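Order as written gives the chain letters A, B, C and D; numbering starts at 1 within each chain.
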Amino acid sequence: MTLHSDDLPMILTATGRDQPGLTAAITTAVTAAGGNIIELGQQTDPYVQLYGCRIAITGDLAEEQLVTELDALRDRLGISWTLHDRQVRPRLVIACSAALHCVTDLLGRIQTGDLRCDLVGIVSDKPAVADLAARMSVPLLEVPVGEDRVAQEQAFAEAVASFSPDLVVLARYMRILPAWITDAYEARMINIHHSTLPAFPGANPRRRAHERGVKMIGATAHYVTAELDEGPIIDQDVIRIGNHTLSETIQLGEDVERLVLARAIRLHLDHRVMVFGDRTCVFG
Amino acid sequence: MTLHSDDLPMILTATGRDQPGLTAAITTAVTAAGGNIIELGQQTDPYVQLYGCRIAITGDLAEEQLVTELDALRDRLGISWTLHDRQVRPRLVIACSAALHCVTDLLGRIQTGDLRCDLVGIVSDKPAVADLAARMSVPLLEVPVGEDRVAQEQAFAEAVASFSPDLVVLARYMRILPAWITDAYEARMINIHHSTLPAFPGANPRRRAHERGVKMIGATAHYVTAELDEGPIIDQDVIRIGNHTLSETIQLGEDVERLVLARAIRLHLDHRVMVFGDRTCVFG
Amino acid sequence: MTLHSDDLPMILTATGRDQPGLTAAITTAVTAAGGNIIELGQQTDPYVQLYGCRIAITGDLAEEQLVTELDALRDRLGISWTLHDRQVRPRLVIACSAALHCVTDLLGRIQTGDLRCDLVGIVSDKPAVADLAARMSVPLLEVPVGEDRVAQEQAFAEAVASFSPDLVVLARYMRILPAWITDAYEARMINIHHSTLPAFPGANPRRRAHERGVKMIGATAHYVTAELDEGPIIDQDVIRIGNHTLSETIQLGEDVERLVLARAIRLHLDHRVMVFGDRTCVFG
Amino acid sequence: MTLHSDDLPMILTATGRDQPGLTAAITTAVTAAGGNIIELGQQTDPYVQLYGCRIAITGDLAEEQLVTELDALRDRLGISWTLHDRQVRPRLVIACSAALHCVTDLLGRIQTGDLRCDLVGIVSDKPAVADLAARMSVPLLEVPVGEDRVAQEQAFAEAVASFSPDLVVLARYMRILPAWITDAYEARMINIHHSTLPAFPGANPRRRAHERGVKMIGATAHYVTAELDEGPIIDQDVIRIGNHTLSETIQLGEDVERLVLARAIRLHLDHRVMVFGDRTCVFG
C-alpha cells in the first residue's frame, strides 16, 4: 500500500524517555516494513532527557505491518509515535482581533497553496475581519469582548471548538487565554508575539522597543501555554531598524510577524516541531 | 498653508550634477518658506557624480513660496526637484502571470493599509488571478500570451496605460518587455527577480540555486530597464537554506520575494529611492 | 588649507535643541568656507526633541573660517559642534577579563588597519591576556579583583586614565562600574553584552537563552552608563540557533559578539553615533 | 573503552549509494556496541542518489566491536565510514597572501580555543604575514610569486605538504591552483571567496558589487576543486549595504569573510560537512 509520492513522503515522528537503541529499533521497523528513509533527524534534549526523531519515508511501505511493530515498540520502550499521512489536510482555525496583517497574509498563503491545510473558520473579537472573511467565503464567528471575562472565554472556546480544528492560530488575537483552553490545544495552538521574546513581553512591545532605541526588532511564534509569553518557541526572526519613526518601525515589524507566523505554521504542518518541556526541537 | 500632519511630513527630493552649495541652497529655501526639516539624507554618487537629497518637512510651510524658490534654484543650479504631497495616493497597476504569491501578498497589504497607494488595476497573461481580482473588486485586464509577440506587447502596454498608473509592479509577470515600454515607465516600473542578482539571472533561478548547493537564496526588486535583470536594484534579501528539497527551497524563496517586493514598493512610495545611472541610492 | 583626501573626508557633527533652520545655517557655513558636502545625514529625535547632523566634507576647506562661523552659530542657536580631523588617530584602551575572544579579534583588526585608532593600553582583572599583550607589545595593567570593591574601582579608573584614552572598550570586562567612572567616559566607553538587550540582562545570558529555547541569539554594543545594561545601544546583531548544545551556542554567540563590538567601534570612530538621551542615532 | 566525555561525543560519519536499510544497519551496530546516539542526521542527495549520515555517540562504546561491525557493513552494503576521535587534534595549514584579515582572525580563534585544531604552519606568497607568524611562533614558509608558474605551484605544494596537514585553508591566498594539487586535498582544502557565489566569480568581486549597486554583499567558503569558484559550498553569509563607499563596502565584506571562513572550518572540524558531487550536505 503506497500512501504518498516521492514529493510528499510519509512522516513518522516518535518521542520518549532517552535510552540507547531507540533509533535502531524504529529504523529497523521502518526498513522491515519496506520503507526507505530519505531524511532522518534525531535529537536528545539535554534538560528533560527526552528523545525525539522525525523520519521521512518513501517506498512501498507496508503500513499495517509498521503500525504493528511501532505499537510493539511503544509497549516495550515507552515511546509515543505518529505516522502522518500528508494527504489528509489539517483543519485550521484562525483567531484574530483588530490588526489584520497576519490574517490577510495567511489567507493569501492558503489561497495559493503555500500552507497545506484547510481554513475551516475564523474567530474574532472585532468586526474588522468580517468583510475579508465574506470575500474569501470563510465562516466567521464573532465573539465580542464583554464585561464578563469568564463568559467571553467560554464563548471563544465554544466558537473555536465548533470548527473541530487540528490547529488554532492566534493571528494577533490579543486576549489572554485561561489554562483550561490552552491545555485543550496543547502544542496545537500557535501565537505570534511582536517581539523576540523574552524581550518586551506583554503589551506594546513595538513602542517600548522604539523608545529603548534597539537596532533590531522581531517576532516570536510559540505554542500557547497558560503562562503568558512563556510557551515553547517555534520560530523567531528580526529586522534591522535604523532611524525609523515609530509607525515605520511597526510596519517593518509587521513584515517580520507575517513571515515568522507563516513559517512556524509550515514547520508545524510539516511535523518538524517537537515540544520538549518548555522548549521546542525543530527538525530541518 | 499646511499640507500635512507631523505623522506624514512632506517630502522634497532633488537631484542634479554634483557641485558645492546645493544642500545649503535647498535647505535655506525650505527654511525661508517656514518649513522645519525633521530628516535629511544627502548622497553624492561616486560613479556618475550626481547629487541627490531627500528632505522630510513639517511645520507651517508656505508652499507657493518654496516652489518659486526651488524653480529659481533649478534655473540657476540645474537641479530637478519634486515636492511630494503624500495625501495624494499614487495609482498602482500590478502585472502578473501564473504564480500568485506576490499578488496575494500585495492585495493583503493594500487591504490593511500597509501600502499607501490605490490599486487601480491588474494585468495578467494567465486567467489564474481572475477569481482573486473579482473577490477584491479590482479591475482585471487579461492579455493572453499569443503567437504574435509584438501584438502582445502592444496589448500589454495598452492595458497598463488604460489605468493611468503612477507605478507598475511586475509581480512575477514572466514576459520580457521591449525598451519602448520600459522607457515609458522609467523608474516607475518595479520587477521582482527570484535570486540575489547578479547571481542566477534569467530563467529558473531557484532550481539552479538548488542544484548548485548554495546556502542562501534570495530575491531582488529592481526598476525595469530594457536590459533583462540589469535594472537599478532597489532592495534584496536572503534566507538561509539547509538540506531542503527543491520544493521547500522554492517555498522559502517565495517568502523572500513577497517581502522584498513589498519593501521595495514601500521605499518607492516613500520617495526614498533615487536612480543614479545603473544604481539606486536608497535614503533611510 | 586641505586637511584630507577624498578618501577620508572631514566629518562635521553638530547637535542641539531642534529648531527650524539649523541645517540651512550649518551647510551654508560649510559652503561659504569652500567645503563640498558629499554626504549628509540629519535626524530629529522624537522623544527628546534633539537635532543632530553628520556632514562629510571634501574640497579646499578654509578651516579657520568654518570654525569662526560655527562658533557664531553655537552662540546664536545653541548648537554644539565638532570638526573631526581623521588624520589624528584616537587613543584606545581595552578592558578585559578571562574571556579573550573579543580582545583577540580587536587586536587582529588593529594589526590589519581595520580599526583606525591606536591601541595604547589594556587593563585586565585576570592574567589571561598577559601573553597576548606581550606578543603584541601592548602595555598591560593588571588590576586584580580584590575584596575591597571601592579600592579596586579606584585602581581600575587610575589604570585606564593613565593611558589618556579617547575611547574605552569593555571587551567582556565583567565588572559593574560606578557612576563616577561611567560619567567620566560618557559616550566614550563601549561595552559588549552577550544578548540582544533588553532580553537576558545581567549574568549568564547565553545559558538562560539556551534553557529558554530561543531560536536566535545575539549581542549588543552600547555606551556604558551607571544603569547596568541600560546604556544607549549602538549596534546589535543575531544569529539563528538550531538544536545546538550550550557550548555550541556560546561559540556561535561569541562570533556575534566579536562582530557587533568591532562594528560599533567602527561606527564610533567614524563619528556616526550620536546620543539622544537613552538612545543613539546612527548615521549611515 | 571510553574515548570521550559527554561534552565531546564521538562522531560517526557514513556515506554510500542510497538503498533501504542503511540507517537501521548502522544504528543497530552502534547500539550493539554499547553506544547511545544523542544526535543523528541523515540525508539523501536528490541529484547523485548518495546517502550520508552523521551520528553523535556517547556512552560506554566498545570501539573495536563497532569497527568490526562497520567493516562488515562496508563489505556488505558498500558504505564508507569514519569514526572520529575528537581528542586527536587535526593539523591545520593556512595559506595567505597580502590581505591578512582572515589570517589574523583565525590566529585569534586558535589562541582562544575557538577552533579545535593545531596550526602547524603558514604558507604565504607575500612577506606581509612574517611579523605576525613570528609573534605567534608559527612556522612560516614563504613561496614568492615567480615567473615560472609551474615551479611556483610545485614549491607551494611542497611547502604545504611539508607540514603534513589534515586541513588546508586558503585564507585569501589569491593564486589559482592546478588540479593535481586540489585533487590531493579533495574535501580537505577550504577557500574563502569574497562574494556569495555564483555572483561575482573571479577577480575584484567587491568593486564589481559596488559598481552594480547591490544591497547585500557576502562571502562563500567552499572546498577547492580544479574548477575556479565552482567547488562545493560549505557556508555563505551576507551583510546589508547602504550608501557605503567602496572602501567601507570592502571593510564590511571582510567582516563577513572572517565569519564565514571561521564557521566553515568549525563545521568541517565537527565533521558536519559531507560532499555529494558538486554540493555539500551540512548536518546541524
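Going forward, contacts are C-beta pairs under 8 Å (C-beta built on N, C-alpha and C of every residue); 3 or more make two chains touch, one makes a residue touch a chain.
Please read these numbers as outputs of a predicted model, since none were measured by experiment.
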Shortest walk length in steps over touching chains, chain B through to chain D: 1
C-D or A-C - the one linked by more C-beta pairs in contact: A-C
Centroid distance [mean C-alpha coordinates] between chain D and chain C, Å: 34
Intercentroid distance (Cα basis), chain C paired with chain A, Å: 41
Set of chain C residues in contact with two or more other chains: 39, 43, 242-243
Residue numbers on chain D that touch chain B, as the complex places them: 43, 46-47, 196-200, 211-216, 218, 232-238, 242-243, 245-246, 278-282
Footprint of chain A on chain B - complex, ascending: 7, 39, 100-101, 104-105, 107-109, 111-112, 114, 132, 135-136, 242-244, 247, 251, 254-255, 259, 262-263, 266, 284
Residues of chain D that touch chain A when the two form their complex: 18-24, 27-28, 30-31, 34-44, 53, 59, 240
